[in-house]
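Would you mind keeping the following structure in view while I ask a few things?
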Amino acid sequence: MEQSSLTFRYKELERAWDGEKVYEVFIGPQHPASGHMRFIVRLDGDIIVNVEPDIGYVHRTMEKLAETKEYIKSIPLFERATIIDSNNITLGYVRALEKLLGIEVPPRARYLRTLLSEINRIASHLYGLGLAGIFINHSTMFMWGFGDREIWLQLAEELTGARLTHTYSIPGGVRSDLPQDFKDRALKAIRYMERRLKDYMKIFFNNPVTVARYKDIGILKKEDAKRLGIVGPNLRASGVRYDARLVEDYGAYREIDFEVPVREEGDALSRLLLRIDEIKISMDIIRQVLEKIPDGPILAEKYLRLIPPKLRKTMEETGRVKFPGLFASLRPPPGEATARVEMGHGEVFYHIISDGSPKPYRVRIVTPSFRNLLLLRYLPVGHRFMDFPAIYGSVDYFPPEADR
Amino acid sequence: MNLREKIEEKLKDIATSIEYPRPDLIVIAVNRDRIMEAAQRIVELGFDHLASVEGVDLPKENAIEVIYHAESYEEELRNTIVELKTRVARDDPKLQSLINVWPNALYLERETWDMLGVVFEGHPELKRLLLPPWWDDIPPLRKDYKVKVEGIIVGTK
Amino acid sequence: MMVLEIIEYIIRLILSPPIFAPIIYPGLVTVLVILLSIIWVERKIAAKVQLRYGPLYVSKPIGGALQMLADATRFFFQEIIVPRDADSIAFLIAPAASLVLPLLPIVFVPAAPSFVAISVEYSLPLVLAISALTPIVIIVMAWAANNKFTIIGGIREAFMVIAYELSLFISALAMAIFYGTLNLEDIVSMQKSLPGVILNPLAAITFFVAMVMATSRLPFDIVEGEQEIVAGPFTEYTGILYGLVMGAGYVQLYILCLVFVELFLSGWYPYIGLLGEIYPALGGVSLFIKAYLLMVFIVFLRSVYGRYRLDQAISIGWKSLLPLSLASVFLSLGLLAAGVVI
Amino acid sequence: MSILSSVKRHIDAISTGLKYLFASSRMTVRYPEYSITLRDNYRGMIRYYKDKCISCSLCARICPADAIKMYRKAGEKKMYPGINYQRCIFCGFCVSICPADALEHTPVHDIAWESLEEMIFPPEEFGREWVSPALEEGARRVKAVFDEKRGLTHVPE
């Protein structure tokens, strides 16, 4: 086993900080930068000696709520953990459910899921990068990130009918087909974004102030990233080539030619730049999806058969799926299934245990932000107080996602 | 030697059962007192971090099942999830903490304590994580904690 | 007849430089107009760069230009809360002082040839010295509020002062050495044909950066650091007190921009004689225009930069600005030795 | 970073800022004066057609937010759905599952109410037609257009 260089100071956790010569600063929960969580930062002079994240301010006990609902009703529920990345977070649940039900997804639906997942990923990264900008008070990056995110939300809205809460993937397929003019509009959006990324580099990522604030800050070593089970861009920026899209068979990723970007430095700047790399890759995937997408049904044959012929006709006309009545009470056979899906923030993990009733016996969801929470505890130690927002910004932590 | 054979060789003497319910999932059940040993052997196989720790309340069997899902970032192992599970008594749910085997169990175990009341012995930080600090009801993920459910019919005049 | 004479007397009194300069131009009234306009300009510029509209719905036909008036009115009538643990006297006095102190040097800044409230031989060091008092007030504020965030902010202010103050003075002195005088009026009159920035660009750059630091503008708005310390020393202020401390930074920016223009951008030249005949201060209007444009550029930097870290700003102050400012002194001496004479 | 490249990067950043300062592109839609026309498939306010309804109550059974309830008048056997917009999350499951096409989305979403009670719509009122209040007050309709240079813009129809 490679020796880990991060000191896991469990002794320190047990230590009472009362009476120590430290300056305790509470960041959050009502605070311009922290969002719905609180940090107790302990300082020795200007140096951080300990950070205690206090989470749970937006906890909704989703796992319990899921136990009280029929299977399909939990899709909009889990969506609300990461509303900025809703197709990716629900896709994990839907995949696990499909494994339990033994449903095959038709190819066109798999491509459409991939399409929306990548649109979501771009939007999620722009959100994270915008926040990384405002954490060092770069308001232009903040506004640009959030502004350009609107383009991808518009595309998602045209595909699904909702701006954020798409509720798009359902067991056996997706809920609506590609609109006529979608390809043309999406390609325009991609070309615009490529042009804009150059300006992003000039005004933010290559800006000497940004480089000074983010370079060589909060370095996460490769071995630590592996041992701590860090996920997503934070992991890949530390040189580990792991992505749930390579692992789990979902969407159309097996049929699409794409690369998983990796950076070696492991510092805050490389975590940000890796997201830019991923935006580029995602745009490339969208191009390929629009090029390769096969014709055919968007819902599994098994369910299509249950829909009355008259409704099937309206389905073809409007491109919107009607549910078979069975959906109100899906009953998977007893058993368990796991699924992993790569979200913008990293890998989400689902474990469903079914007892054969219409409601799950247990649903376990571990979100990427919850796994990355360890970073906020270990990375800032030894850095200056002003580095704390920079590290927080670079980790792309999303409180409602961690709290569930 | 493929992964299944490796796992069976490594764990057959302490596992009470090893199952393969799905192509990407290996389920290993052990007794409560062998959990640390089993975990160490799984880490030696390369599954060096956890995807999840969860508890499943089984009131009929008067037990809580604690499930660890381990995964790996190595190319040859990453397609598989190893599920290690054990049972603890429902009225005295104690288990050895695995934070020294899997460091990222820190928050995952703490959440399981928070939600199901499983006490992880040796965990340095068993205090409220997601629930409010003043919570004194039964742990919410226990089956006897009931959520109010509404009907779908409303009667009118 | 008496009434007319009195009115005439009052008008003459107002128009005499010792009254007109501090009260109307370049003093109080001008400062008020600048405060109301520059913050609007700043918000509009940031909005434009960020693909937004910025303030608009207050006075829509003129692009929301009255937004700051609306904000100020709101501040004025908002309740002032004094924290229980604060030192209330210092807490209440400091904001007023923080606005008055940076305004004070205006009486020594000439606005046109021989148009100044108080004419002294040493106006340059006097102006800089008085404006260097502001940080003390900010530290008092931080201490009086008795809050963790304000105290960190106050300490940051103290660190920042030592980072820029020396370079600000030395680069100004470099120009004084070259021109052989400490009187701003003489310095300007010697730049009639050639602005100082061309002769000594090093001093200009150093003074500019130190000035941005002194006024806590981006990328050096470290004291406020809202992402980690809420609003630094100003955290506990509400209502008009908050308005005053926010305004103080802009007042200081204005004074330092005037000094910069007089040191490096040939002050009120080109002098407009025609306007000067109407009233002497009007002839020097180019001083005001240049200073205003400089302020616009500095507030524009908000939409380009993030914020440096405290230790980085300090190291920029000591490791880059200080050597540069010393080099600018040697450049001035070299120019004198080479016999460059204006 | 050498001084030269650092200076170049500063100049790049400032010139990019200046470029956008003088370029004419804005993303904002000034809402009450302009109203974005939503596309036909937008999942907006839900409209109910009582004449098509077959009282199967699937909509109420699938509603994940308990927003739709079946209303039964005393003494009558048939039930009809009503909606509570305090709860509705616009997932559209009810519309998707309706076997008689008695529910449909309208491309209207900017509705506000003054009190919570007004947000509950029994079957009789569930069928009302929705009009955007902005359009009622004379907002100009704009539609979203993608442009390679300016990204997402909104042009008058």
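Order of writing sets the chain letters: A, B, C and D. Residues in each chain are counted from 1.
The criterion applied here is as follows: a contact is a pair of C-beta atoms (placed from the backbone, for glycine too) under 8 Å apart; a residue touches a chain by one contact, two chains touch by 3 or more.
All of these numbers come straight from a predicted model, not from anything done at the bench.
*Asks:* Determine which of the two chain pairs, A-B or C-D, is joined by the larger number of C-beta pairs in contact.
*Replies:* A-B
*Asks:* Name the chain whose C-alpha centroid is farthest from the C-alpha centroid of chain A.
*Replies:* Chain centre farthest from chain A's centre: C.
*Asks:* Using mean CA coordinates as chain centres, what's the chain A-chain D distance in Å?
*Replies:* Each chain reduced to its C-alpha mean, chain A and chain D end up 24 Å apart.
*Asks:* Between chain B and chain C, what distance separates the C-alpha centroids? Give it in angstrom.
*Replies:* Whole-Å distance between the two chain centres: 63.
*Asks:* Mind checking the centre-to-centre distance between chain C and chain D? Centres are C-alpha means, answer in whole Å.
*Replies:* Result: the chain centres lie 48 Å from each other.
*Asks:* Listing for chain A: what residues touch at least two other chains?
*Replies:* Counting only residues that touch two or more other chains, chain A contributes 140, 147, 203-204, 207.
*Asks:* Among the residues of chain D, pick out those that touch two or more other chains and give their numbers.
*Replies:* Residues 13, 16-17, 20, 27, 61, 63 of chain D each touch two or more of the other chains.
*Asks:* Which chains touch, pair by pair?
*Replies:* Result of the pairwise touch check is A-B, A-C, A-D, B-D, C-D.
*Asks:* Within the complex, which stretch of chain A touches chain D?
*Replies:* Contacts found on chain A: 69-70, 72-77, 140, 147-148, 150-151, 154, 157-158, 160-162, 165, 167, 175-176, 179, 185, 188-189, 191-193, 195-196, 199, 202-204, 206-208, 211, 308, 311, 314, 318-323, 325, 327-329.
*Asks:* Touching chain A in the complex: which residues of chain C?
*Replies:* For chain C paired with chain A, touching residues are 46, 49-52, 148-149, 152, 218-219, 221-222, 225-230, 302-312.
*Asks:* Spell out the part of chain D that touches chain B in their complex, as residue ranges.
*Replies:* So the residues of chain D touching chain B come out as 57, 60-61, 63, 66, 68-74, 79, 82, 122.
*Asks:* If we count contacts the way the header does, which residues on chain B are in touch with chain D in the complex?
*Replies:* 150, 152-157
*Asks:* Would you mind writing out the residues of chain D in touch with chain C in their complex?
*Replies:* So the residues of chain D in touch with chain C come to 13-14, 16-18, 20-21, 25-28, 30.
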